[in-house]
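Each in structure tokens, the structures are laid out below.
What follows is a pair of complexes built around chain A, which joins chain B in one and chain C in the other.
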Partner chain A sequence: MANQPEQATKRSLFSSLPRIQMEKRTSVPKTFQALVPFASVLVAFILGAIPLFFYGVNPIEAYSKLIQGAFGSYDGLIRVAIKMTPLLFTSLAVAIPLRAGLWNIGAEGQLHIGAVGATWVALMVLNSGSEMSSWVVVPLMILAGAFFAGLFAFIPAILRAKLNTNEIITTLMLNYVAFDIMRFLVAGPWRTSTGNFQTENFPPSAFFPEFFGTQIDKVHLGLPIALIIVAVIYFIYVKTRIGYEAKVVGANPQAAAVGGISQVKVIVWTLTLGGAIGGLAGVGEVAAIQHKLIDGISPTLNPFGYTGIAVALLAKGHPLGLIPATITFSALFVGGSSIQALPFHSIYTGDTIQVPVAIVLVLEVLVIVSIIAGDYLSRYRMSWRRHG
Partner chain B sequence: MDEIFTLSFLASVLSGAIRLGTPLLFPTLGEIICERGGVLNLGIEGIMLVGSLAGYMAAFYAGGDAWFGMMVGALAGGAFSLIHAFLTISLKANQVISGVMLVLLGIGITEFIGTATKMSQQILWTWKNNWGFKNFFKDLSIFFEDINLIPLSEFATWLQNVEFFGKAFFQHNVFVYIGWLVVPLVWVFLYKTRMGITITSVGESPETADTLGIRVNRIRYLCVFLGGMFAGLGGAYFPLAWVGNWQSMITAGRGWIAVALVIFAFWKPQRALLAAFLFGGMEALQINLQTKNVPIPSSFMHMLPYLSTIVVLVFLSGGRVLKRIGAPSALGVPYERGGG
Partner chain C sequence: MGQFLSFPIVEVGLLTFTRHIVYSVIIAVRITFYLKTNASFKMHFARKFSKSTGCFYNDCLLGSPMNKSIPLLELKNISKQFPGVLANDKVNLKVSPGEVHGLLGENGAGKTTLMKMLYGLYQPTGGEIFYKGQRVFLNTPKVALKLGIGMVHQHFKLVPTLTVAENIILGMKDSPNPFISLKKAKQAIAALGEKYGLKVEPSARVWTLSTGEKQRVEILKALYRNAELLILDEPTAVLTPLAAKALFETLDQLVKAGLTIIFITHKLKEIISVTDNVTVLRRGKVIDSRQTKNTTPQELAQLMVGREVVFQVGKEAKEPGEPILQMTDVEATNDKDLLALRGASLTIRSGEIVGLAGVSGNGQRELAEVLTGLRHANKGEILLQGEKVTNASVKELLKRKVAHIPEDRMSQALALPLTIAENIVLHSYRLPEFNQGPILDYPAINEHTAQLVKDFDVRTPGIDVPARQLSGGNLQKVILARELYPEPQLIVANQPTRGVDVGSCEYIRTKLIEARDRGAAVLLISEDLDEVLDVSDRIMVIYEGRLTQAPKNADHQTLGLMMAGEEVKHGQSA
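Here is the complex of A and B:
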């Protein structure tokens, strides 16, 4: 063991399978790495076929209907674009601090605080009975949502920057705090007179403008805002000093310290900005989808905040990569809910069965697991040892 | 208001603290073992969900055998956590990502199997009132009566009816007492056995452990598996010793609290008992105050565990303090020979 020659050779992957040997690559193959996200989606679909098969659903039939549900019709495409919006915001909330090597697990909480901030403005307008134009109200809602969510993310940011408090645990814990604040408001001071756990409907001036779509689903202001932010973040990364500083802190904190880059500054701005953008996800949901604050603006089975982590990983934290990554996850989401209602015939008994929507969550995780495996394979070379 | 300053109110809060603290205690102990070996497992919530569904289904198919259910729940939790072990130890993946993904996978799998079986087999999900763990001392007194040990039977009956203490401590199901027993066992395992000390050394300095001939990754696999078993046990507690049937998201975020409790417990099993019952007590107090119509919004009580964890973490921040109270040095760092 300890007497083995000091090489970069690793012991076998499994001790029981001594013939597979993993060796660290000296250089990472670029094309291989670029292919990993695509291959991961494919592998996820192949692995996801196993539970479907056991359940009695023909996986090919299920997948083709899933893809059809998302991309096969105008309605489906519109729904994909709508679900993309919150995911873009939450994945940006994860990806921006990730650039500096920080983990924001708190996008879910920031989403709720953003929704609370926007609701606060909308309810003030409602209660004052003023006839303010939506040109004033909507920007105010966006600012309030981003401000409160940013402030909320500033707590873990400053704790990490000044006291080195682990941001993973603090952002995680704050999710529940945010959720409780939201629940307190909809159950107490902001509760509608009709008695449900929700606020009054917003005044029309607090609705996001809608552009195109179907009778029920319309693409709203959130999507262009999200796309603009993606472009701005990309610009900051490639063209500005602060973007470069964040990258250095993320890649090599020691070098950053030697180079005179203020870690405190980088930690605070990346986490706070990420949080503020995460808050916009909540603003969009209350101002364009619900038109009120309600317990459950983020789906319980597929919370936007946690899914944002997966999206950011699929995009490898690259801002432009977030767009195809959110389309992928949003399509899974939309296609998954559309096949839930469709009848399938069991391949064992021929009975009519339904596919639980939870398969989407399983597929999403399998995508990420495949990414992890792909990253490993791009760092290590697999070879067969001659003798055991 | 006067109603809450009575012994009977205190007794029901204490009893609730123990009942609600036990499903936190098991996963916390598991996470302590896991983190002491240097692996951060954020996936506890997902593992608990898998344990709860596996335990419930096993108990159901075994005709209501709750003990069998507990065993299967623990094994399922251990097996499920091996995914985390494989990704983080063998593939050297980031432990945060892998943990969060494990939670999502746990929710996905249990929802899938849960809804799938529910749709195909309606009968599985009917409420089974006559199985699962009930009042341990009541069962004990019936058992002693059956084998003609009347004095012991009377003692057990007397114990559960003692003023205040009976209600607070002796009207629980058997798993509460198993939890009390497991704490010293884990303490002995971690501090007094060769394996326990090996685990600590792997979490502190994997390089040194490696030069001493300890197989670092193998030990870490074991830690994750053990941790997963405890989490699975904590998950199985929900359907088998508390709720009585299985429902989706049955653990309701308690797996995340367990992760926080490890910090609260300073990575020490004996403190885990205190921490779990303290957090269980906060929840019990909230429920009990609500029934007495005390005008404190339940949301504020509900966020207390999370806020207090952040406060503790802030006080512990800074390497030296964390080191002194027992945070493993190599926590969260994959081990690779020759640095990496």
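Here is the complex of A and C:
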């Protein structure tokens, strides 16, 4: 064929740029692995500065106000603690099956089913008109919420264990089933007489006890329960036989089979337990925050269930890591909503502008992307080299 | 500040932003490019090369006529280094136009890696490839296809929901016309099928086809792209005998039409009946290249399994005791649902090592899995110390002290992200000594692990490091340590020394003999004839799912014959 010098020169234009050499590491240092989540948050903030900058907001100013909004005052701290509660539950719902290599994308649906379960108990108490003590009602609500949510998660679990259906798809699809069950109930049988899409207010005996906080926001029973569950799950995974079995299935299902570990058992218990704990998020929201079941117990912009996936990823599925990870995300939400109300001056025009709420979503997504990228990149040793 | 001033600033900002985006795209493209090719220096060389010959890359080769005097394909010193594994070691290979060239070797000998480099899926880490006498750089399958190299993979790369025609034209762009003409394609496919005897209905959906038909689609796919050199990777592994026969007829026609074929297999009979020349690979190296008519199956079997280093493991004669394992007429299917064990019978006594020789893929893996509870036996009976354990669970068999050293240590035996300790108790973590109620007694486990690591001389930085940090030989020692605790009754060892360095190899054999001396029954499945001859008390040969007893004084030659499926009478040494 003919001489094709143009093509050759076109290529050599690229070769003047430095080349990135990537070499797979045989082992990733532990410190490196621990640093990835922190670096990811940092990288997300740096990348998030780009849209802020174009919007005309000084990123440093925005971030400092965001952090102040979350940690700068007692009110902020209380709000962070409250937001953290459902996130802990939903992230546990994701993290527990994740250890066994299973992706529970259904925490959002499990949250709704849990709320429905708790509401069922509360409404029965209300309708019977009995004067039961909250020492009876609250535990019953918790049990009902966990039971129904666990049952709901059992469906994808058994399908995965017996028929090897993809649990990512089934858990995700069942979310919509859960939403519709909840909507049906608040629009139909449980609808309040005032006509809104919500149930009657719960009787006071069905309220979660509250501990401390401000006039409006108070830390409730959900947080200590969540922290206790975190500790229990940590214990299960680090110390017990079933935790070991789940770990082996997650690390190599084939080796688990050769070791005689029942995959069916592991799949069913991790997903079901995860679902049950995910349900507790819903119980907490109806019993402590709303005091009734309404359409929209989970925020539309940052649904607790889906955010739980990001939190579990940030914690790399480690139960204790969930605590700092939930604090990070709830601070992001609390700080994010606080800066929306604040006036900023455009760095271009000097006009007063507001930060769009979407920036929090952008940051959340950037955190996830940089975790995944960081996880991948930490497995390689990189070096630059320049060619003549 | 007014509105006016702001515009230039925004514009400058936008410009910078755009520039940054452009740069990052360039960098991203380069990263992906280098991840894919992993051979930047070769690209660099290619450019210089092309300047000197006046043509870019491989373009000057396109459409150049086939010259009978020079080899169609020549590999010179091709090496492929994966992290920790040298898959191909200075491989030289010549394929003449119009021949069927057999590539023979055991599993893991590096056949598939070599062919993937030819098809542009892997990049060699050393050596040169010449096609029609010109040096070529096969960076992607696209380049390979353009040159006329087509490949039929062992696992078909077809989209089940699409039709045959759609699958065949997938990814092809033969005209600037954005619309595809399926009708034309169907006609062309039908014509091709007619010409070469590859009958497939072009409008049938692929998922409705049989395995043989799917393979025909794969071949048609390559032919449709004008392949001159066709690589078939273990084409008969998934076929029924009848479909295999049809395939061989097709190959005949393809050769008559002027195609060159590389035929990868580990089945000796196929090599003899199909190929003109054969190259034998072992452990990534070319052992020999011969004309098929000047060789015999048993010679090839010997070349394939080798007789490299001869170990003499000290072993005393021992009178075997009571039968531990009695297996009669077991039938089982493989993962492809084809019959892999056809009435296999085997008895192993206490204090006896039975060596199982055979070319891989004759049912060894299935046998090991049936014995250890991982595979369902459709027929037959398995007795362990007189008690029926046919299709018992893995857990049950572990309780009865059946140890299993699986063939594939990375994927079957170990959980690489977990620690040495966690891996070492994988089969014994249920024992009371490692448990306190539902809680695992980690101090006891760690103590146990430390002891075993010392006893078995496992070279590891610690017992809490992930298993993936250890070398192959050390990992095999970890598995061995695990399987020998608690004292097993029956040991099923499938390729226990494959890919293990010489020192560990000898150690593992000695340990198996020690276990025998303590009264265990050992089934040693190995493709290494020397190992079988050296370690076993009695040798069985597996061929097409049936086991036959080898004569007492069997040597390499006799075993080679038996492995090739020929009947050898007892006492007769061929």
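By our rule, the second predicted complex is superposed on the first by the 365 of 388 C-alpha atoms of A that agree within 3 Å, B and C clash if a C-alpha of one lies under 4 Å from a C-alpha of the other, contacts with A are read in each partner's own complex, and residues count from 1 in each chain.
Here is the rule we use: a residue touches a chain if its C-beta (ideal position, glycine included) is under 8 Å from a C-beta of that chain, and two chains touch if they have at least 3 such contacts.
Just so we're clear, the structure is a prediction, and the values are computed from it rather than from any experiment.
Once chain A of one complex is fitted onto chain A of the other, the partner contacts of A:I323 are absent, as it touches neither chain B nor chain C. In the superposed model, A:L143 lies in contact with neither chain B nor chain C.
Within the superposed three-chain model, A:A310 lies in touch with chain B and out of touch with chain C [touch as defined at top].
When the two complexes are overlaid, the chain among chain B and chain C that reaches more residues of chain A is B. Using the contact criterion defined above for the overlaid structures, shared-chain residue A:L151 touches neither chain B nor chain C, since it reaches no partner. Once chain A of one complex is fitted onto chain A of the other, the partner contacts of A:L47 are absent, as it touches neither chain B nor chain C.
Touch criterion met: A:A256 reaches chain C, while chain B stays clear of it.
In the three-chain superposition model, chain A touches both chain B and chain C at residues 1-2, 7-8, 11, 14-15, 24. Residue ranges of chain B in contact with chain A, taken from their complex: 42, 83, 87, 90-93, 96-98, 100-101, 103-105, 107-112, 114-116, 119-120, 210-213, 215, 217-218, 249, 253, 256, 259-260, 263, 297, 299-300, 302-303, 306-307, 309-310, 313-314, 317-319, 336-338, 340. The part of chain A that touches chain C in the complex is made up of residues 1-5, 7-8, 11-12, 14-15, 17, 19-22, 24, 26-27, 50, 53-54, 239-242, 244, 247-248, 251-252, 254-260, 262, 348-350, 387. For chain A in complex with chain B, the touching residues are 1-2, 6-8, 10-11, 13-15, 24, 51, 55, 103, 105, 159, 163-166, 168-170, 172-174, 176-177, 180-181, 183-184, 187-188, 300-301, 306-307, 309-310, 313, 353-354, 356-362, 364-365, 368-369, 372-373, 375-376, 379. Partner chain A is touched in their complex by these residues of chain C: 1, 3, 6, 9-10, 13, 17, 26-27, 30-31, 34-35, 40, 44, 47, 50-51, 54-56, 59-60, 62, 83-84, 372-374, 393-395, 397-398, 404, 406, 411-418, 422, 426-427, 429-430, 435, 438-440, 442, 465-466, 468-469.
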